[in-house]
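Supplied in structure tokens, the structure appears directly below.
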């Protein structure tokens, strides 16, 4: 067995620093609500569908109540329902028609009850899907890890279904449907089945359903449950989490930092959204994936390795604070060093082991080389092989498979086949290699791990001394700096009033 | 450092068994000479060139003296030279014209002297080339090992030169020119520059010269000596060794067992030739390569691993018996397990380490996957990557690079480029991995090594109880059985008379 | 038969996307790049993405490209040329020979002249067979004579006569510089000259052999990569029956 | 200019050998194989070796092939279309602008709308540059404004006006389903409509951009994979001088 000798004390210290950072952030976020949080609440209560122009009803309601959004939407909804004795549909119609004027005054008694009832029903749907998943997984085990995770990205949900089924038959255990570019910038979730996306397919409830069904079919055929993954990150984090929960997604990318750094989304907005979003993922038994891998696409893996680890510590605490258990916290890391680097492989191995040892109950998600892939598809295939090897040797849980065509376009049907063949070959041919090797004490591997951990602790000490917002402003992650008041979506953040009420409070 | 715990005693026992086998064989072989040994003697004395039909002069002379070949050719030659006082040319002309009748009787005095003088001159040429090599290597070091070895095989020596130079510039450290198919079945060495070969180019003295010159040029350009390799095995083992010595080849495949098993050459013929051939390689400072890798092309690597090791022990002793020092004995082994095999990589690693530990002063030659390559060139590239990885981790000396196009055709210019890129990536990116890892005592790797060594010893005990001939008849190696009196070239074996004399006797 | 046009598929029906790689004997640079693009256009490709252009030695540039085909292939036409039927089992073949021939068929196999590759031929002949399917030796309707590798023309002719062969099975692995053309054509000529051809079913196999190629060279058929012994047995029996019962 | 015809090279001059891989949406088998061969023939290839044919899913067969081109490309023709001259150094360009323009040129860069890829644009703009060559910010003859990623059309138009831009540099990485066509064409239309086009040098860059493509879409030129900042600087200065001194 390969094990690094690292100081347990140091790891504990990092955890407690990260906890400080998370607690502070949680305190800040709990003062706010956002348009998407309120829309999510409506969705959880059962509101769905869109108007004739395709504008989702939750958006219409929230926009209509925009002025007093600090009270939340559940309160006015409850008031209308209680006063009229009608159902959700009726109350929504009222609110849309008359706006705030529909809200009765004085407050009827027990106005929370009808909403609480709907909330219970909504959560019930989620837990039924969770049970459904458990039962299916019992009957059709996913199979051994590392789980092979591949993406489909045709832009057309029906073609995605074809490719997803083919990938499953080729050995994939997790299928992620990439979103059409820029969906994360949309402040609503599109409706219905979609067939025109760019480098991905829109995340919609209907699309989730179509792919989930295709995978359920193929799962039965193959005798193993094939997991489905999609993305929460962006301006609709909690809403998409709710839709994923309803449609039995199994894994979701959920990382506000990705939105901040790579999509220029406002940090207060998306970090506030993230708490609610993760809470839903947690309830639904969905494994979240965090996006630390992305840092190494704009920053250098050799010198920024500790930022990945530090972010993992923070993301762990942020997830725990949202009520997600370790078993669902799929922290991200990546194999992204320059292949020209002498002994680069040793650094990759050290880092992968370090993550594995520190986050030992977490379904870590290990990401393949992308940045140092070029049009030499043969070299790319080999780089993926070494990545697969590290993943196998160090026992990662979720292994996103690299594509030889990475530098050219989103994958085609045989690219995925070849990627799965690569991963299967390594998993089978080197199965017990990790068990049979040991690490030379005090050698290069250990030294690298110790160095990364030390730098990580230093960084966390620094961040804990300020706030996460300040750290992001200083360009700590991915080499990208973002101002706290900049970015998209800040106008959707509202300070809660003392009248704010929401039956779904995460904490 | 990865080290296997194996019994030194057992290794010693294997060595002494192999020595018994070799000694016995040497005793048998020393009773015979062959047409090619005699032709080689003429070549070493300075005879060269061909007649108008392209028949080499050494063949003409030996054929003319065929009847009394048991006396060797050096004796009649000496007798004619001594009696006529003429030079080699004159004596050869006499012998060709008049045949045995040219031999004077009674014997002139001191008839050995003129031949001994020519012999000294011939060996002088060889040692001058050896010095030349040393000086060049001093000035232009070959570079770090594993040395990257690639083949060229265009069939046209001038095109080979183009490809060889390109390969050198791409990073190759050893270039082997593959021979045209079936040359090993020719009982003569063709003459001159050749431009039409099939899946290889004829091994001729002129071709050697042309490629050596091309490589000398590119060596100067690159500031590192690029080695040249060709093949002795076949019906002309010692002759080609002599030509290689004259033209400063640096490495030669030299293995009678290859000829026996894969070319159906008679065993007495080629094993007798081999002693003389290796003696010349030894003198010339040429590294020999043995062909154990081939066994795994017709037999299964998982169950026949010990036959490779046993053959290495035998080949080591046969080479030592020919006067070749360990530093020139490039024993062969290969990465040829079925990629479908669970934990196959562990067996490969164990075997490569075992060879490395047992033959620790030998420039081992490690051969890439070929048999389990198919038209999936991407998979092939990955298999080569894992091979390169084992080679690097276990510190092999000569690493023949696999080609992604292996199952299709002999390599093209970019196949070699890609192969070198693959090997360079692994060598650089994993440079010190082997140093940083240790082997779990008593684990799967060690158990496999212990098993192979045990089976090897059992096999050697069995062979030592009979003769190598009997073992070959029983199909011990490569799963191929050959009768001692069968195969090509037996008619070229002649029992020496007591008058036999040869100034070049190996022992 | 009405079928839809066939194009390569990558991620959208009809996208026609393929991958290519090749080297041009030119110095890397704008001229080489234009030459690469022109080469690809001459292949009736469009939407060409040269994703890699690398100098791999002075005067040699290696390219990797993705592009789309501009044409479709008609499945109906192809399907017509390809006969499809359920393969016959070993028992069925044995039975057929038993009832219609009444004796075992004599099969002689060899790899020719300089070619030392026996693994493919053995895979077809030996009991052990290939990919778990028994070889021709296992068929009780055949008597097999596997001469092995490197068999010179003359020795093969002798064997055909001596054994009174019904079927000749040649294996040819080395195809570099058209060596197989040379050897197989010469063998075919000798069979004609020796008047052995007419009563012999002649088959060639090897990784680069196709039925078309074999026929072009004067043989009855050819078998390529991944051939299973059963397909060969079936061909032999059907061809024999066809010849003797028409 | 007299040059020899160009063909791919593998191991013999003129051999024309290339490698291909693709998937046909068909069940593996003889029909798929024939369709693959026909596809390759339609690409003007010969000596086709289908070295791999694998069922990668029901209804999908993956092929790897080697084959030879049947045509040559004329180097002379190509060479004419490609202008070659020694590249100018940074100092030279700064000097040229200094003497002939007498002020700094204003460069505005952005990636459009949904595209969040900045690494390529930054490689061209930032001091740090690319592959060891300093970016445009380093040139004292330029004033640079890098608006970064995801810049909406309107914000870009405003910036061009506000900064009195001489040069617009757009980066477009996502090309899936022709997204770049859509975005770039729309931007070109807006430039025309807003009457900004005439006084602006317009440049597009990105891994799948070529000069031809950029021109087709109404831009002055395009830069693809592996572009170095120096080449962009040179184009800008030369194009500016050409326009203002003719």
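Letters A, B, C and D name the chains as they come in the text, with residue numbers starting at 1 for each one.
Quick note on the criterion: contacts are C-beta pairs under 8 Å (C-beta built on N, C-alpha and C of every residue); 3 or more make two chains touch, one makes a residue touch a chain.
Note that the structure is a prediction, hence the values are computed from the model and not measured.
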Higher-contact pair (C-beta pairs counted), B-D versus A-D: A-D
Most distant chain from chain D by Cα centroid: B
Inter-centroid spacing, chain D versus chain C (mean Cα positions, whole Å): 42
Inter-centroid spacing, chain D versus chain B (mean Cα positions, whole Å): 51
CA centroid of chain A to CA centroid of chain B, Å: 59
Between chain A and chain D, centroid-to-centroid distance (C-alpha), Å: 34
Touching two or more other chains - residues of chain C: 9-10, 13, 17, 19, 21-23, 49-51, 60, 207, 225
Touching two or more other chains - residue numbers and ranges from chain A: 153, 374-377, 407, 409-410, 412-413
Chain contact topology (line, ring, star, complete or other): complete
In the complex with chain A, residue positions of chain C that touch it: 9-13, 17, 19, 21, 49-54, 64, 66
Complex contacts: residues of chain B adjacent to chain A: 1-2, 339-346, 349, 376-379, 381-383, 385-386, 389, 404, 418, 421-422, 425, 428-433, 435-440, 443-445
Chain A to chain D touching residues, read off their complex: 153, 155, 165-166, 169-170, 181-182, 185, 196-199, 262-264, 297-298, 374-375, 407, 409-410, 412-414, 417
Footprint of chain B on chain C - complex, ascending: 21-23, 56-58, 60, 62, 113-116, 118-119, 148-150, 174-177, 179, 207, 225
In the complex, chain B residues that touch chain D: 153-154, 156, 159, 163, 374-377, 405, 407-413
